[in-house]
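Before anything else, here is the set of structures, which you'll find just below.
You will see two complexes here that share chain A, one where it goes with chain B and one where it goes with chain C.
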Partner chain A sequence: MFQITLYTSLILSTAGLLFQVYRFQKKGASGVPKLKLSLNLKLVLFNTIFQSKLFRASKTRWAVHFLVLSGFSYLVFFHALDELTAFNLFQYYQPTLDPFQFLRNFAGFLVLAGCIGFLFRRSFNTRIKPDNKLKYKGIFSIILILLVIGSGFMLETVKIISEPAFLEMVEDYSDLDEGTDLDHLKIYWEKNYHVVFKETLLITEDALEQGRRLNNDYCLDCHSKINSAFVSKAFATHLGKPANFLNHYRADNWLYPIHYLLSFLMLISLPFSRFFHMLLIPFASAQHKVTNKHFQKEAVFIHPATFAACTNCGICSEVCSVYPNFLITGNKQILPHSKIESARKMIFTGHLNPEALNQLQLGNDECTMCNNCTNICPSGIDLQGLWKTLPKTLHKMGYPDNYTFVKDKALQDWGNKELEKDRAAGTYGLTQNLTGRVYSFENCVQCTICTNVCPVVAYSGNDNDMTPQQIMNLLRLGKKQTAAETRMVWNCLTCYLCQEHCPSEIKVADIIIELRNISNQTAERLKIMTTADKANTL
Partner chain B sequence: MKLAYFPGCKINFYLKDYDTSFKSLMEKLGVDLVQLPFNCCGYPARSTSFEVSVFSSIRNFALARKYDLDIITPCKCCFGQLKYASYQWHENKELKQKMDCLLADENLFWDGKTKIKHLLSFLYDDIGVLEIKKKINHKLPEKKIVTQYGCHALRPFTITGFDNPHAPQIFEELINITGFKTVEWSKSTECCGNPIYETNKNLSLKILNSKLNAALESGADHICTACTHCQIQYTDLSFQNECQKHHITPVLFTQILGAALGIKKEKLGEDRLPIFDLRVS
Partner chain C sequence: MKDKKYITCDITVIGAGFAGMVAAARASALGLKTVQTGNSSHLYFASGLFDFLGVYPLHSRTVLQDPLTGLSLLQKEMPGHPYSKTSLEAILKSFDFLTRFLQSAGLNYIKPEKGNRSVLTSAGTFKPTCMIPETISKSRLLKNDTNLLLVDFKGLKGFCARQIADILKKNYPNILTLSVEVPGKNGDLNPTHLATLFEDSSFLKELATQISPFLDKVELMGIPAVCGVNKSLEALTRLEKMTGLDIFEIPMMPPSIPGLRLKNAFEKKLAKNKVHFLSQAKIKPPRFNGSEFVLDVMNQNMETQIRSRGGILATGRFPGGGLHAQRGRIQETVFNLPVYQPDERSLWHHLDFFEKQGHLINTAGVETDSVFRPVDTHGAIIYENLYAIGTILAHNDWVRLKSGSGVSALSAFTAVNDFYKKSTTGH
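After this line comes the complex of A and B, so read on.
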């Protein structure tokens, strides 16, 4: 039974792994530019073994992660694989001997503490809050770990209290028969090892002394004092009445398969759950190549496998430079942890709904490429590279940036009445309202000084349409929307030369910037309207 | 003296040398820089939303005020935006109220008292040219150099109050004490073209070219910048050939002054700079 399930789960796990590799390869080939695999050896080494990046990001998180990792590694190597490791390394090894008995309990305790820490942080993290879906992503893995460790402790507990197990051991390892000797040993074990016996035994000093001698003869070689199994011992001593019930139904026998089956479930789920990050983070770290020079030469779409290395920890959003933009606009897709999740969906499911893609495009446009998220990402994902290449991919899918969108938009599509209504309703936040007040531009005498000093007018050639002074004139004629769509508004360098030179003290540059705000907002509104149409037709 | 260091978004990834040399320079001049978890200054958001851009700045002020620190930045776009936001906050009551509400959501408050300094204005106004001149112990070669002022620090003058917007001179004064010789040129106060680098690269390049041509005409060997965005524009890999074609090397002001003050090469950045090869001490 054990052998069969072990090999089945090993085969399933390998198959899952191969399937994921195939999926990543396939996604890597379709649609996105190919990239060379690179190897950042230093980062792989430090980030995998010591989680150096997580340590830099947050000491407490690192500590919690380390509890789970160290405890879990110990359990895998010296408990689950003890037939391969411990039995060969230590001649006297027995699971019930110290220090192994103690270490097993200690490791289990560490993992339990760490997992509870994980759950605690997930529940109270403020920055992931806007994304409730993400909040409990990966909780399956944590619960599975808790179940495995919990069943392990329960198994040890029921073994401690088990009378049948005691009797079997006596039969196998001693020559004691029914009689007073056995009773003495029972008394000793009830007192010192917390075995629960059906019949009530009379404890006397003499019997204990006899029991101790028998224990020395037969048991001590393989059984250290039970105090070292501190977690299970605590359970065993507080079990009370159900103990007899558990003994009667041989709980130790049926908890054992539960324990190993849960562990095998963990093995099978490795390529499909949060456990996969164990393999993907080293991979993502190897692909990490964010130097400025590299970046300018070839910014290629990150490897699909690195998407999956994201553990939704949300640390990136805590350091995001444009977090205030999110506070005002409320677009979740400004925050890196949301962006990478959407990008992952976009790549793997092939189709994200148009509204989500639109939001992703708008959110990603706000990114200032400050590298904060990439610098801190504990998984070592090349986030900066992703933000840089995402616009190109989105453009190909029909979601261009606002500049291109406005450039390609015909003027007749621009003067939409509904947009004016929205603006009047004040949906776009506070403005200086320079374009709405006549006195801010009515003093323009069309002297063309602004046009003469403007570097855009001087060097753009055919690339430009209006001049600053013509824009002022359009405003005076009440053609605000037309003015907002001009190339001049979008090409403006915001160098303020016009404003500084204006003899009528008109805030030319501020007006142009405000027009660009209007243009941006109109573009966003139009995009949402067109994507809504797209979503309806789908 | 203790100041909150506002690096700006681009410096850490795109121009690490500026960051390193700026810190070394401040250390040499005895200024303590405090790093706070600042967010973006709000300049990039100015194209999309006035409210967002102002709020981004105000949030930074509130953070600096919490520690009772003034802000210093090596970037002129950040400087301009911070000044601009502060001005709007003081002028516009409706805006002020809204900002107060938004800050209160995060347990922050700004009373409007944070001062904003740019590297140059700080050196010129707070430390003084003479004071720096006394500390200079390495003479740099008398190479001809032109200055790139950076638009957002100069204009609008009523808001930034940096220097005379038509004929500024503090940059020249600060460079001349190092041994470099500043030359007059026609495009000292004009834009470098970086603001539209992302959207209209072609125009951005044309504007850069016009500047380099003007610098060449003036007979300069170097262009000196004291702004993250300007320096990025001159050293951008896709544009770098332009500078080489015109035989002009862009240099960072912090590296020049740092070299003149005798700061070690390693502490001024990784990229080897031509000025160190020219150094005659």
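After this line comes the complex of A and C, so read on.
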């Protein structure tokens, strides 16, 4: 049974791993570096073994993480694989001997403490909070760890209290028969090893002394004092009445398969759950960062496997320069840890609706490329590289940035009927509504002073389709949407020179900003509509 | 966040048009602590030429060769006109002051020895005027048989050399034209941007190369008035050296670069004279605290309270916002001063647009005493230290009489002098 499940899960795990590698290669076909990036060995080493980047980012998080990692590594190597490791390394090794018994308990305790710390942080971190979907992402892996460790402690506990196990051991490792000697050993074990026996035994000084001698003869070579198994001992001593019940149904026998099956489940889920980050973070850390030089050669560098290394820890959002923008607009896709999740979803599942894609484009547009997120990312992901390549991908999917969209769009698309409905319904909540009120631009005498002082016109000359005074004229002609579509409203620097100089005291700059807002909103609606249409016709 | 600021000063000039600028210039030159409010952008509409008196009487429809002949007649016939309130000497003094002031700001004006000067305009007409910028002054060299080259720039609107030559060809047959292509520009060209190019020597070289085929055929050259913004005379002289031709500028449609030069010169020198300028400020109805004016002024982001002993109203007419035409009557907007105007609306305009005497609405405005203090219908002074200057003055059809700059300079000069005299003698 053990062998069969072990090999099955090993095969499944390997298959899953291969599947993931295949998926990364397939999805990343366009993303595979065309330029050879050299290996960042130092970072791989330090970040994988010591989580050096996490240590720099947050000491407490590093501590919590290290508890889990160190404890679990110990358990894997000296407990799960003891037949390969410990038995060969130490001649006298027995799982029930100190220091191994103590170390196993201690390691389990560390993992438990780490997991609780992890859950605590997830529940109370304010920066992850805005995106509740991501808050408990990866919780499956944590619960699985808790179950494996918990079942391990329970197994040890029921083994401690098990009378049948005691009797079996006595039969296997001693020549004691039913009788007083066995009773003495029982008394000694009840007192010192917390075995729970059905019948009550009369404890005397003499019997204990006899039991101790027998224990020395038969048991001590393999059984250290139970105090060192401090977690399981605590459970065993506080078990009370259910102990007899557990002994009767041989809990020690059926908890064992539960424990190893859970561990195998962990093995199988390795390529599909949060556990995968153990393999991906070294991969991500090995990638050298994308530089502008690379961009000039127009190669896309972000391998999907790198950003699959994300653990949704949210530290990037804690340092994000445009976090205040999120507070104003409420667009979660401004925050790097939400953005990377959407990007992951977009690449691997393709299940992002137009609205979500639009939000992602808008959010990514706000990025100032300050590099804070890349610098801090404990997984060593080149986040900024992703933000740089993301617009290209989005552009291909029909979500260019709004300026490009407005520039490329034909004028007749602007008169979309559904858009008209939106406009009539007052979707555009503009505070001043200067463009909707005649008196804000009717005084224009077309003197072109605004155009003459405009630095954009001075600089770009003819690349600018309309000049400020022409925009005012479009408004006077009732062509608000045409005015909103001009490049001028997007090229405007909002230096307010036009407004300062206007002899008719028209709020030229304010009007242009308002037109840009209208243009922006129209572009967003239009993008969603056209891609939704495409999806429908397909 | 509105932040209130308090300023105390000797005199507040309300308005930053030509008259307001002269008033602020005079006041600051006399050492008065001056605050000025308004929008100086209206100077973009100024041609840069200072008229004295171009036409009188109106029905004669002829240009005055010498303003003095018209002036004595005007003073006799129109007692309400600003020129009738003062002497020729004061008018000449005010021009003198203006010339010196602008010269100190780096802008040279030439005053003819005698009489009016005719200046070629972009419409192909000649305009009678008195003082002209030095960059325009060589238009005097234009005689009927002069070999003239007229240059325009592709993309610059409102100036066509061929059109001007065509209009002038009857009296000036020897005019050649050239349309210059500005390198790197193939669409609309804005005067300000073109004027800035003139301060770049490589552009001047390019220009000289394009002109070079004409050099042996002409002796005089006219270009639109876009020859530099800040160092116009320098740029013009350099171009003259490169080509060996005499060059003059031809004033054109707004936005006018000579107007911009005027604006820059005033702003530069007034700032140096420590005139406190509140740009684009809106004035709330003023209050009076004894003999003091209390003006609350709203700027885009600041509220300022100005306390001053004297006030100068230079808010202009309808475009400037000094006068406001309601359905039935015309109002003065800041102090609600009595406005001289036709009795009813039907009299505002004559039925014939080109009526020789002009339209009555153009004579509407604020009536004043001899030092330009507004008076009511009975001739009584309304506020001791309030003066009204410039185009807001009544009986002053400055467009037809071609006397805008003269009236503005004179009234500003006289008003400030009077206030200064009173404040120093302790009245």
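Just so we're on the same page, the second predicted complex is superposed on the first by the 392 of 538 C-alpha atoms of A that agree within 3 Å, B and C clash if a C-alpha of one lies under 4 Å from a C-alpha of the other, contacts with A are read in each partner's own complex, and residues count from 1 in each chain.
By our rule, a residue touches a chain if its C-beta (ideal position, glycine included) is under 8 Å from a C-beta of that chain, and two chains touch if they have at least 3 such contacts.
No experiment lies behind these values; they were computed from the predicted model shown.
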| item | value |
| --- | --- |
| Partner chain in contact with A:C222 - chain B first, chain C second, else both or neither | neither |
| Which superposed partner A:L45 touches (first chain B, second chain C, both, neither) | neither |
| Contacts of A:E500 with chain B and chain C, given as first, second, both or neither | both |
| Touched partner set for A:V438, first chain B, second chain C, both or neither | neither |
| First (chain B), second (chain C), both or neither touched by A:A15 | neither |
| Partner chain(s) touched by A:I139 [first = chain B, second = chain C, both, neither] | neither |
| More chain A residues in contact [chain B versus chain C] | B |
| Which superposed partner A:C370 touches (first chain B, second chain C, both, neither) | first |
| Which of chain B and chain C A:T451 touches, first, second, both or neither | second |
| Those residues of chain A which chain B touches in one complex and chain C touches in the other | 458, 461, 500 |
| Partner chain A, residues of chain C touching it in the complex | 39, 41-42, 44-45, 184-188, 190-193, 196, 254-255, 279-280, 319 |
| Footprint of chain A on chain B - complex, ascending | 9-10, 12-16, 37, 39-40, 42, 44-52, 55-56, 59, 88, 92, 94-95, 98, 102, 105, 151-152, 154-157, 165-166, 189-191, 193, 195-196, 199-200, 202-203, 206-207, 210, 236-238 |
| Contact footprint of chain B on chain A as seen in their complex | 290, 292-293, 295-297, 319-325, 327-329, 365-366, 368-372, 375, 384, 401-403, 428-432, 455-456, 458-461, 463, 490-497, 499-500, 507, 509, 513-514, 516-517, 520-521 |
| Residues of chain A touching chain C in the complex | 445, 447-449, 451-453, 457-458, 461-462, 467, 500-503, 505 |
